[in-house]
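Two complexes, one shared chain (chain A), two partners (chain B, chain C).
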Partner chain A sequence: MDVSKYKALYLQETGEHLSGIETGLLSLEQNPGDSFVLDNLFRHYHSIKGMSASMGYEPMMLLAHAEEDLLDKLRSGALANSEEITTVLLKCLDTMKTLAERVRADEPLDIDVSALLASLKAAAVGQAARMPPAPAAALASGGQGLKLSSVMKVEGRLFDELLATVGDLFMTLSSFKTLTHGSRSVEFKNGVHQLGKTVNSLHDTIIFARMLPLEDLAAGLPRLVRDLAKETGKEVSFTTEGMDISLDRTILEGLGSPLVHIIRNAIDHGIEQTEERKKAGKPLPAVISIKAVTRKDRVVIEVSDDGRGIDRERLKAKAVSRGISAEKVESMADRELLKLICLPGLSTAETVTSISGRGVGMDVVKEAVESFGGSLEIESKRYLGTKIIMEMPRTSSITKALLVETGGEQFLVPISRIEKVIELETKELETGLYEYAGTQIPVVSLAAAFGIKTESRLRRTLIVLDIKGTYGSAGEKILAGLVVDDFSDEIDAYVKPLLPPISKLREASGITVLGDGRPVFLLDVPQIISKTLTGRNP
Partner chain B sequence: MPKKVLIADDTEFFRTALRDILLGAGYTVVGEAANGAEALDMAVELKPDLVILDVVMPVKNGLEAAKAISALNLPLKIVMCTSLGYEPIVEEAIRSGASGYIIKPLSEAKVLNTLNSII
Partner chain C sequence: MEGDKLIISLGSGRFALDTKAVAGIIEQEKLPFLPGRSGFVSGIVSFRNEPVTVIDLSGALGDFTETAGAGHKIIILSVKGRLLGIDIGSSQVSFIWDEELKGRTTGEKGLYTSGRIYAAEGPVDIIDWQALFNETTRLLSTEDHA
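On to the complex of A and B.
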């Protein structure tokens, strides 16, 4: 029987089955025991097996046959699905795609599938499937697989190394950029520009491959809220918004326990018992919501509750009992006062509970957020609720920053904070206030903040900054000005977090090394401004 | 009068291959179903002399379809068609009223020998 006339039909249907398999395997990652998906997968493999056998495409038939056996055990419940099994099946899928391509191109199907078959067989008898090295041909087509979290686990370290290498490339690039300033060669300048674009696109690709949606993290939260509400006898509903925003997986993982802490605190201390809410005329159930919005290369995540809010008087009393002077506490701006709940061991809760304990959490939350170069803000209205705002980078490591100079020292200011850069005569800045967009904004000198001596000069640069931790919902910005001598390039800085003891340096959120080898601090702008304006370190 | 055949297979690949073999041997293909439920409906509607049922199909599999069609007591014969490894299902189908079976991969000889032996 001449089967060659069925080749086009074979390819068309096999292609449909392969994409059905891909979709199915991906959804198994979310729900490993979904019997509907397992049934469909079984049929896809079965169909490919039958067609491949008829066409005489042996490696394809062998793979599909072994996969069909494995799926039969999974769908009948004889074997429990696992991440390892899904991973093996995804590996096999890559090879099957390659085989289908070879059929299409009339190339020989001489791919050795014995290692894949062995791991499928091992998986089918419940042994930990050992990942065989992928045949070279499968690697060539494997790009798409990188989005899958299970494959990422295998490749994870590689990605970190790759990202670090790109960081080094950025450093090298910035030294070339410095050289172009002194060069007249147009070819050289163009070459460096082109190199910059290439390094950027390489970086973007790696970053993209590491991104996961917030959804992956938030999926477990409704259950948490439900369980905690039950435990405390409170009525709480939970809403989310913007969970499709993707973050680097490291940052996403780092957000996990802060989110849990915040929600625990909200249910335990923020939200009132049903009777208390009824008396106060507040709606039931209480609402906890998580909302995420992006702002340039950063994400702002707000966790709000409509509970009783933070009691300032109690907070002040607690702070005093912890050794902070009453005078200092009384003179604190509200924003700074609220941040006191992040001091270790400070809590306004009356009772220690099994859920959130006393004051455990917020200091940990703040530390976790800041370790990723993020910042934390707290807003709270008495009797109306509390909002914890975390502003974080969406991707790790590379931050767009403006290089500024004051008194011969260089610093980096994150671009995400900058509203405008204005060159002015020094005398216009003497009052400590500057009129910008119709309002008076406070002006802080970077030199004064750091005790750097500067020569007197006629003109200086004012950088108008937004120092509010949130940008999304309220829309309102808190503007302030930072005075520096001069500014130069906007750079892509590969920022490394500060390690102890310099991590105690609150005015900086990271450090980078410029192309010429000089280390430069990335400024924590809200810290510098609030510290200088209030004359204290919160 | 050429024998009327209904084909049920979830892949177009096998439906086409079977159709080619059958047409080449002088059979009439009255219908092609993509799952067991369609096969059941078409068996009633198209009054075929012969139904070829693939075993692994969505919605209603070949065994379920074979049982349902047999239960209708229609003047037709059922042939199961599947790949190696499904012998127990084929046996159950035959106990439930199917008259024969074809093991994939398909060949002209296999298909025609089976059909000739039961018609």
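On to the complex of A and C.
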């Protein structure tokens, strides 16, 4: 496993522990039996031992382990502290600092720590601690000036505030850009251009700082799978793919609960008991897998299980018992039907367990995914398994979008969805289908979908979009067309989340305020097209 | 029910809003479109770079036809980070100060009103803007499958 990417974190954490050890040892000289200080020191050594073992930094791990043993005896009262012991621990501390410096400089950790280990072992069995000579390398680096870590620990909230501030800057910039259209001042236009470059650069830096790999989130999932499998008496293995893909910290955090809900559901209700799988000739252990891939500036995360799949007849019955008309349920397309499991309180589980089955979960999952401008799809094959597909933006806030107009109203369409923008004669779009790249794609009028009145026009704009993620299954692109009156600029929009009372709008995933003060919605195009086509072909 | 009140004359009715909730009043010729708008929800505007959902007060409170005229006068309400715009058309606004309210308010409630002021010029209903906000949220949350 490549651990080099964790080096900065290791150094930052270790630096804090070493600093805590120094403070503790000095405090211990004043109060040799202070149990609070001894407990803290033990924790510091224990943490360094664990982290160093994980990273393969053996001398550091050996020293921390021996020191931990010694501290354990001191805090249990099996050994009395002495000035000699503190001195040995301080010498060890110097060597550990040197080792940490070598890690930072990517130098080999070839410092001989055997004398220090011998002294620590002797002290731990109550023999007078010998004063070990400090390792040569440690001496060489001794007496160096005070240094601060190059890695800073910053509260995530600070980055949230920074990003919000950059968002405000973007909106101010948008106002200035609007002003440049009516200005003859070249200096002013150059200034606004330069300001734009600076704001973009600032934004990129903040976004980069906020990105974390999916691995950070997925690291805790094997344990969750293991514990749930044990609890339910099932045999389950867990695999991941694409966990090196990075997402904005806020989005990654928001994915935590959905992933846990999905895995709980899969183990509790999807995966069969061992005997049932054997009878069905299914392999053991069952497999739950998470696969992530990038698609333009979005990430698609698929959580699959090879369990029994969703029982559609049971789902229909549950939906009817919840008050949805049987006629409507029967007329639903399969993907719409499966999405019913996202209705609050609707679970197809036969029994409620401590893990899941109360119908609390998939509605929360859908809401969480959509709150970040993402979409959720469900695929399921009876007796073969279920796949939950979440498509999310990789970063929040600034979105490249195309400004479009229909019936005098303006909207934003995310660039990441757009395949092509074509101006056509209106009559070419009247059939509801358009031939694009050799296939007939469905065409939806935005004005019709929203009930906006438009004047008759000879020509309109067709935006060909990839609506995969909400409409259609995994694999190739799913194309559809959205008809608008016209389009104008591509802009970097600072997209704000939809807050109450508009937080549940299904047709938009966010909103921005343009430079002239106009609020404009970022359209949830797959949702609009899906809804319209469902109504067109029930 | 204490505190200064902003009074809206809406046709034959008069309504009061707590001035502490009023963040500003803006005028706009046309309201940008709000997808999924229904009932008395009429559109969206921006106020200090924040989007604000706008409702039509005459539609919300019943058959109070405002004075005909172009444009929209929108009162922006803000409490605890929640924003709501109340479109009063071209209706006039005035004020009743706190000291004028003494002994004149009652707890008579309506669907979207939380009390009544018996002012010298006639009764004034106090708008329960939280109730309006909640109803606006409900109107914009209708699920297809519900």
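Note that the second predicted complex is superposed on the first by the 353 of 538 C-alpha atoms of A that agree within 3 Å, B and C clash if a C-alpha of one lies under 4 Å from a C-alpha of the other, contacts with A are read in each partner's own complex, and residues count from 1 in each chain.
In the analysis below, a residue touches a chain if its C-beta (ideal position, glycine included) is under 8 Å from a C-beta of that chain, and two chains touch if they have at least 3 such contacts.
Given the structure is predicted, the values throughout are model-derived calculations rather than measurements.
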{"item": "First, second, both or neither for A:L343, with chain B first and chain C second", "value": "second"}
{"item": "Chain B versus chain C as contact partner of A:L26, first or second or both or neither", "value": "neither"}
{"item": "Touched partner set for A:A209, first chain B, second chain C, both or neither", "value": "neither"}
{"item": "Contacts of A:V287 with chain B and chain C, given as first, second, both or neither", "value": "neither"}
{"item": "Chain B or chain C, by number of chain A residues touched", "value": "C"}
{"item": "Contacts of A:V520 with chain B and chain C, given as first, second, both or neither", "value": "second"}
{"item": "Of all residues in chain B, those that touch chain A in their complex", "value": "10-14, 16-17, 21, 56-58, 83, 104-108"}
{"item": "Chain A residues touching chain C - in the complex, by the definition given at the top", "value": "168, 171, 324, 328, 340, 343, 407, 409-410, 450, 452, 496, 500-508, 511, 513, 517-521, 531"}
{"item": "Chain C to chain A touching residues, read off their complex", "value": "32-36, 41, 44-46, 49-53, 82, 84, 133, 136-137, 139-141, 144-145"}
{"item": "Contacting residues of chain A [partner chain B, same complex]", "value": "1, 3, 6, 9-10, 12-13, 40, 42-43, 46-47, 49-51, 53-54"}
